[in-house]
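Before anything else, here's the structure in question.
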Amino acid sequence: MIASKGDRLMKNVIEIQHLSKSFGTHEVLKDIDFSVNKGEVVCVIGSSGSGKSTLLRCINLLERPSGGQIVYQGENILDNNHNINNYRTKLGMVFQSFNLFNNLNVLTNCIVGQTKVLKRSKSDAENVAMKYLKVVGLDRYINAKPHQLSGGQKQRVAIARALSMEPDVLLFDEPTSALDPEMVGEVLKVMKELAGTGLTMLIVTHEMEFAREVSDRVVFMDKGVIVEEGSPEQIFNHPQNERTKAFLKRTFKQ
Amino acid sequence: MIASKGDRLMKNVIEIQHLSKSFGTHEVLKDIDFSVNKGEVVCVIGSSGSGKSTLLRCINLLERPSGGQIVYQGENILDNNHNINNYRTKLGMVFQSFNLFNNLNVLTNCIVGQTKVLKRSKSDAENVAMKYLKVVGLDRYINAKPHQLSGGQKQRVAIARALSMEPDVLLFDEPTSALDPEMVGEVLKVMKELAGTGLTMLIVTHEMEFAREVSDRVVFMDKGVIVEEGSPEQIFNHPQNERTKAFLKRTFKQ
Amino acid sequence: MSIDWIISIATENWEMFLRGAWMTLLIATLGTVFGAIIGLLIGIINTIPKPERGLKRIVLKLINIILGIYVGFFRGTPMIVQAMVVFYGAAQAFGVDMDRTFAAIFIVAINTGAYMAEIVRGGIISVDKGQFEAAQAIGMNHWQTMIHVVLPQVLRNILPATGNQFVMNIKDTSVLNVIGVTELYFQTKSVSGNNFRYFESFFVACILYLIMTFVVTKILHYFEKRLDGPQNYQMIDDLEQVEGKKA
Amino acid sequence: MSIDWIISIATENWEMFLRGAWMTLLIATLGTVFGAIIGLLIGIINTIPKPERGLKRIVLKLINIILGIYVGFFRGTPMIVQAMVVFYGAAQAFGVDMDRTFAAIFIVAINTGAYMAEIVRGGIISVDKGQFEAAQAIGMNHWQTMIHVVLPQVLRNILPATGNQFVMNIKDTSVLNVIGVTELYFQTKSVSGNNFRYFESFFVACILYLIMTFVVTKILHYFEKRLDGPQNYQMIDDLEQVEGKKA
Amino acid sequence: GTKDAGSGSGASTEGETKKETFTIGMEAGYPPFNWTQKDDSNGGVKISGNAEYAGGYDVEIAKRVAESLGKELVIVKTEWDGLVPSLTSGKIDAIMAGMSPTKKRKKTIDFTDNYYTSNYVMVVKKGSKYEKATSIQDFSGAKITGQLNTTHYDVIDQITGVKKQAAMDNFPAMRVALESGVIDGYVSERPEGISSSAANDKFVMVEFTDGFKASEEDTAIAVGIEKDSELKDKINEILKGISEEERTEIMDKAIANQPAAK
């Protein structure tokens, strides 16, 4: 249903060139080149501290990159005269810690961005919100406040909120790692369904099984650089780089 | 090293009889009979909300049971004239959220209970603390404050803190579920080592592989009752009860 | 101190006491409300993210410095002096003839605003960073983030501190009698000056102060409770009943 | 207002001003410190867990009610009235002739204590429940939990509010001239009564007030920073260097 | 005096249709000179912006002044410390609040001729050893105080060996201090002394045969006005028309009518 949206001319939804990011003297991202194609599902894996979250946060400018370019629709959005807020509406973000608006109920969480940022009418916004709340299976909980929901439900609402903005690409930063094992399943199920609809998705995850199953491309990061990328088959079954091999060995058994 | 500690006359370290607990009208534990033997490692599994945490919290009286008995060394410690604080020193508790004392450094976290509650001398306490900090591999971090440690390190300190009190039994409430996947391993490794030393442990966990490996006995809880208990082999490979089967099916694949 | 005197003072002068109490309440209430608004505005302005360079950065820095001076000055000097300077100083220097009650509310408001600015700052800091990030991530600008997401949560957090401020204002209006506002303290002084019964007169006033602060405290506690919603989380079974409203 | 006047007032009366400022600082500092101690004690007592029945419960309830009345009364009535009642009331009723400075510190302390009790209550609530549970789980009693674990964390949390209280006390001591304490405000009134240069005299006083509140604020900010420790977490590599100290 | 022309209260500039006003400031809390009352009995005048009325010696004189000026009397109730700023900032036209025309005050504001002259007395506790004092030197060793920023406080120094206490802000506070025994007496003026001892039977007023030395300007009471005001001559003219006997009569009436006398 989302695949049918607008006609995009570019094959790359976003293209990142020579991206770097330092915190003080600590260089966290080093000369990253990377792009996401339309309709593609990309999973980013790598050990803790390798810069996965920072990459995602740089892409939607929650962190200001120290260098490089982020090209969206042919323009470098790091130029000063670019409307950042407009660009951000094109990228939906799902956080590890949900970050639902605590003061708003489920429905309003999915509406507020539409009416205030996209300037949709209230009834349009409600229809869109209900549509995506149905997708995540939470259309019956619209009056609940975030604190009344379980973690899995919260994360599904967060996905619906991101979808309601009808973005070009959805970014996920470890969407299941704050969840109880039983709730992981329900969120991954929703994400699998979304991946099946042709939505463009960029997912940072520790769930290797899930990554293997849904992704068109897997990116392995280590110490601020992209060490290796390729199909799940390539990365998981035939890793080339020593670091990739070591990482996969570590995570697949404890 | 811990197995060599004092001579206990009882086979049961603690025995729980007809334990029940309600929050308001909500009955969370219903007539639980349960005991932990000396040197035994017991894992408690069950779905979210089944009352596992509440059971653990009732055992060390963080929640006041609504009914039933907790017998320790032949005495019901729910009698009003019982010294609760003295009883609690016999039970070490490791929480999901670590709960290290934020204002104290690693070493002092492991010392404060010994000197203030057990009235050990400062130097004795330091020796004991260093001993257990070595066990968890953190003797080099004694001056760090909790907020400077990773989650896995925090949980290992919490284990060392509990061990420093040299309790009769260690209670764990989902000690790894707030951890990143990579850190889960380091904590489970420490716990496995402890289990090997003959320490008495009662562990609430969602890590089924781990439970299968370390436990002498597995207890499955659902909706406030103990549905089934037995050896890991019995519970995981030949569950008798329908609810156990359903739960295991749900958790072993997503 | 004698009960007879207290009763006779209360019955003879109840109108003066009540009018004074009313004026006190008026000034304290409006002063607190406007002060809270000032504090919230400063909170919004203070947290505007500063670009790394450029004119906007300089302007923002300048505004923050000015606001800092405002807060420092009004927190740092006694309200009685502020009242004198504002009321008499404005008249002397610019020939402005302010209404006394207006001036009183104005002074209490800017004074409270300075305190509230600090309280709001603390409140904004205590809102989870994730709330800001989530709002930014859907493209909200600073103003929208603040109005729709952050401030509603800040308001809840700062309610207790605002209550303290309100209670203090009820008592601190007493210094405003230097600009001729006849609030409760001044009225009581008149009464005790007339009847030469200091303790008895102030006993009556204290009762009124206690009633006012008690009622204000209770009202604010009620609001806190309401904003918190039900303390126990609702069970899913119950929650599903909300569906009736929609869909 | 003229600069010449300000300079001449400051140079002619600097001893009076400084003596007043010193007295103000003394009363405010000691009053705040003792008030904070009172507040902390009440915080500890208020959070003693109540057994479900029995004599201990009744006694605790009673103590809490008394403490509640204390807080309500001193928060709810103007300090100037409290000062009169304590100082003159004690003299009249019991013939106690209190030292004025002692009385002033005493009054500021019990007044501050009432406010601090509420602040501490808020601070204790904001400490993570897990900290209490962890302390209980290793067998600490209420007192040990509070002293070794909770209050050190509360102290950090309430430092900003305590700073506010301190700053307020610096200013509020001005009402204590009814019991004849010659603090800064009173001295300034004397000066302005002599020269009838109200604005100029108070300008000098305001400078002193601002210096005092500014310095106090800075000192407290410094303490806050120190208690917070380094803002960026240390890297493991750095941390390992601590090993030198031990083992 | 930094005030521009066009003195007078805000209302007076409105126009000719309305009667011009004569606005005075007082504490309305210093009987028998001025006090607050609930109604207009005994010649009380409404307090501006307030539901109460002011009465007392100052009010009676002010009524006469206003009438002769052909203006409407407006009374503003203000704390003692606010009176001079009120005048210099043009909020009021005159201070009539039992204020003495001291040299210090004259540096900032002008005064008319006196409209009452009293003498210093001491208020002490009944039954104390000071009750029978005739000379101020009998108070050697006594704890004495007076109101802040008044001559009452300054003259205490004339008693040798006195234990001078910190000055106090207002009369109610001094009365409390005296009654509680923290002080042995406070310096006052005759009318206040009469009122105090009449209202509180624990107090007596001590009048001296060998009293405080003071120039007339310190014991007299005059109308405070802005520097170089044209009101000065006008008011002086009017005050001349009120004879000494009339003044005494008004004061006696004020003492009899004050609220505490009921």
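We just call them A, B, C, D and E in the order they show up, numbering each chain from 1.
Please note the rule applied: a contact is a pair of C-beta atoms (placed from the backbone, for glycine too) under 8 Å apart; a residue touches a chain by one contact, two chains touch by 3 or more.
Chain-to-protein mapping (UniProt): C, D = Amino acid ABC transporter substrate-binding protein.
What you see is a predicted model, and the numbers here were worked out from it, not measured in a lab.
In summary, the chains found to touch both chain C and chain E are D. Of all chains, A has its CA centroid at the greatest distance from the CA centroid of chain D. Taking each chain's centre as the mean of its C-alpha atoms, chain A lies 37 Å from chain B. Rounded to whole angstrom, the centroid-to-centroid distance between chain D and chain E, based on C-alpha atoms, equals 39 Å. Centre-to-centre, using mean CA coordinates, chain A is 79 Å away from chain E. Measuring from the averaged C-alpha position of chain C to that of chain D gives a distance of 21 Å.
Residue positions 81, 85, 173, 176 of chain E are each in touch with at least two other chains. Multi-chain contact residues, meaning those touching two or more other chains, occur in chain D at positions 84, 89, 198-199.
Residue positions of chain A with contacts to 2 or more other chains are absent.
On chain E, the positions that touch chain C within their shared complex are 2-4, 10, 25, 27-31, 35-38, 47, 49-52, 76-79, 81-82, 85-86, 88-91, 170-173, 175-176, 195-196, 199-200, 258-260. Those residues of chain A whose C-beta lies close enough to touch chain B in the complex are 47-48, 150, 177, 180-185, 188-189, 206, 209, 250-251, 254.
By the touch rule above, chain D contacts chain B in their complex via residues 52, 54, 128, 130-131, 133-141, 144, 148-149, 152-153, 156, 229, 233-234, 239-240, 242-243, 245-247.
Touching chain D in their complex are the following residues of chain C: 72-73, 75-81, 84-85, 89, 115, 118, 122, 160-161, 164, 167-168, 171, 174, 185, 198-199, 202, 205-206, 209-210, 212-214, 217. Only residues 60, 62, 64, 80, 85-89, 91-93, 95, 97-104, 107, 112-113, 116-118, 130, 139-145, 147-148, 158, 161-162, 165 of chain B touch chain D when the two sit together in their complex.
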